[in-house]
Amino acid sequence: MKKIEVNDCEEVLSSMRLIIGNLKEVIDKLDKEAIKAMLQKTIDGNQVFVMGAGRSGLVAKAFAMRLMQLGLSVYVVGETTTPAVLPSDVMIAISRSGETRNIADLGKLAKDIGSTLITITSKKDSTLGKISDIALIIPSQMKNDHDGAGYLERHMLSDDKNMFPLGTSFEITALVFLDSVVSQLIMLTGTSEAELKLRYTNI
Amino acid sequence: MKKIEVNDCEEVLSSMRLIIGNLKEVIDKLDKEAIKAMLQKTIDGNQVFVMGAGRSGLVAKAFAMRLMQLGLSVYVVGETTTPAVLPSDVMIAISRSGETRNIADLGKLAKDIGSTLITITSKKDSTLGKISDIALIIPSQMKNDHDGAGYLERHMLSDDKNMFPLGTSFEITALVFLDSVVSQLIMLTGTSEAELKLRYTNI
Amino acid sequence: MKKIEVNDCEEVLSSMRLIIGNLKEVIDKLDKEAIKAMLQKTIDGNQVFVMGAGRSGLVAKAFAMRLMQLGLSVYVVGETTTPAVLPSDVMIAISRSGETRNIADLGKLAKDIGSTLITITSKKDSTLGKISDIALIIPSQMKNDHDGAGYLERHMLSDDKNMFPLGTSFEITALVFLDSVVSQLIMLTGTSEAELKLRYTNI
Amino acid sequence: MKKIEVNDCEEVLSSMRLIIGNLKEVIDKLDKEAIKAMLQKTIDGNQVFVMGAGRSGLVAKAFAMRLMQLGLSVYVVGETTTPAVLPSDVMIAISRSGETRNIADLGKLAKDIGSTLITITSKKDSTLGKISDIALIIPSQMKNDHDGAGYLERHMLSDDKNMFPLGTSFEITALVFLDSVVSQLIMLTGTSEAELKLRYTNI
């Protein structure tokens, strides 16, 4: 890469403001009934599985860490000792397009097994959105957001001055939403601090 | 877990608002000189390495995916084919406490090798904060935030009504900040959409 | 698990002897022309990608670590900063059945992209075996080995006294074979000890 | 890499024979009492944790997959939902030198917690070898094997004609040994095929 001189950090700060603005707008558009159903199913599930590809997969793992600390039997699809999914289990898929190859296939498989499928997505009419027991829709806030999976989903998105790789807004919103789900789960389960501490990874 | 009935999702929504409020307050407290220095070093580095433990490690990976798409030679410490760190390289560590075992040790090692160490942390006076070439401080916004690493760092934190596992605010802010760093790096490097697309994982 | 008393370790020792016996028989059945072609393609490839599911994926990673130390540009499919596959690249798939979901799909995709596909498998007539540029066949040595993917592939296999989960023989043979490929690659490339040491992960 | 022509694959085949020869010699040198103790502790442990760095970590994961299928509560140190280690648990460390940074530290921590520490190593007098409840010694078979951790451990080792990266022999032997441990555990626990199948990852 050629010598580039950095003279300011204005784009960093204005991008942060743009992301925060998007987050604020999303809150009011979330489906409260879907959130309640998600909370209930997550508590009632025997085992909870999470999955996602790429950065959505990282958000899924960040959520799984918290559920483990809450005392749930939770597993990340694809990790070493993840067991079989059974009908009494809950599968939570994170996929902006709802079409991500492999994740959509595994979502169908989870439904075939008879488990409960919850999808966090921005596309209600996607493959995953349509087959899910609960589809938690995170509306896309960026201008010029393109529908459809595949290449288009991965294009860069210009928003006047700020440029974000497409998906950035979805992934951050999903993380903020799921950490807030954890907050309510802590209260609902009445888990004490002492119990929580016992479950933190000590190794 | 006993039968628990979910009657509302108010805690989810108020937690989201609390997180967003924290994010807004943080922006004005960021050190602009440190951000500029981080942008410059990241562009100038021969190879970029990222590391973090637990959820901070997931944030590091999310950042690394974007740097790869930008065309940088970027590696996650601990992954299969991550090469040796050389003096011309940049190591970016993410650690709220700046004391996380292993990450602090590897930070020292990176300095011994002669590479540039950048730390994203909320503790300027921590082990990592003190030895870093650039310490990007994300001020902790939660009430009652406790200093010190170890058990205290991992305790649950009550904020009146909302409960978050400690670290939640730091991790989300780090992700929003780093995605905004990516936004400015796209503009600085003048990477075209065509070039970016070529580098997206196609497998 | 109920109290079980361990009185000897005879099954461990006889199982080790059985595995070694299988390994010895396999050597003479390997296709030398396929091995030579694999060595040539691996050296000639611009970038090398490896992939596999489950334990075969772990063997793929163990191989990738060595190729990295040899100085090749090597990536594991699915890791954080793995770039796009290009026509000048080599994709090495490890799949006993040659039908493993996702790995077979990605193998087809690699062929569509125009890259060279090398498969380590025990089924020449499998999906992956048929579409590969080079299919390196590791003949199955266990008695009663069952053809076909899916459930059958995962059954436990009884060999008179010893029981192995099916796949054990394939995975160990693949690891021994690939480590031996590394041995010849070291000689072919004339990589000096000093160069190799430089590339060992130091972090 | 310059154009290199591959004319034969003799080094691959002779390297395979050398590895097999090493494996055969190791069997008679294994400590049967240590193996019996390891089997007993693994069965008796409440939860089983495994860990290792680099290629030894991959061997640890391959073992963990089988233990999970056997129905044990098994976790890989460092994975997303790995819980806290408790005194009633068993920690299995794989480290050729017995000195691997981080793994040795975590071994000490496991002992401090009060859990049972089992180490697979080639160095009885190493840090891990000395503090372990059971040290399963895999004698190093290669000529000129160098003691000591750090750089020396990672050097390349010339054995007349064949060259192996140091550690190759240990890692393969550890995998063959642990897969054979699984074979005896299947018999000891009397796990039926039907039970085993239920636990195979279906997603």
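Letters A, B, C and D mark the chains as written, and numbering starts fresh at 1 in each.
The rule we apply is simple: contacts are C-beta pairs under 8 Å (C-beta built on N, C-alpha and C of every residue); 3 or more make two chains touch, one makes a residue touch a chain.
Remember, it's a predicted structure, so these values are computed and weren't measured experimentally.
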Chain pair, A-B or A-D, that carries the greater number of C-beta contacts: A-B
Whole-Å separation of chain centres (CA-atom averages), chain A against chain B: 18
Separation of mean Cα positions, chain D and chain A [Å, integer]: 35
Sites on chain C at which at least two other chains make contact: 61, 65, 200-201
Chain contact graph, described as a line, ring, star, complete graph or other shape: complete
Complex contact set, residues of chain C against chain D: 1, 3-13, 15-17, 19-20, 23-24, 27, 30, 32, 35-36, 39-40, 43-44, 54-55, 58-59, 61-62, 65-66, 69, 71-72, 151, 154-156, 162-165, 168, 171-172, 175-177, 179-184, 186-189, 193, 196-197, 200-201
Chain B contact footprint on chain C (complex, rising order): 49, 51, 61, 64-65, 67-68, 74-77, 79-85, 91, 106, 109-110, 113, 198-203
In the complex, chain B residues that touch chain D: 101-102, 105
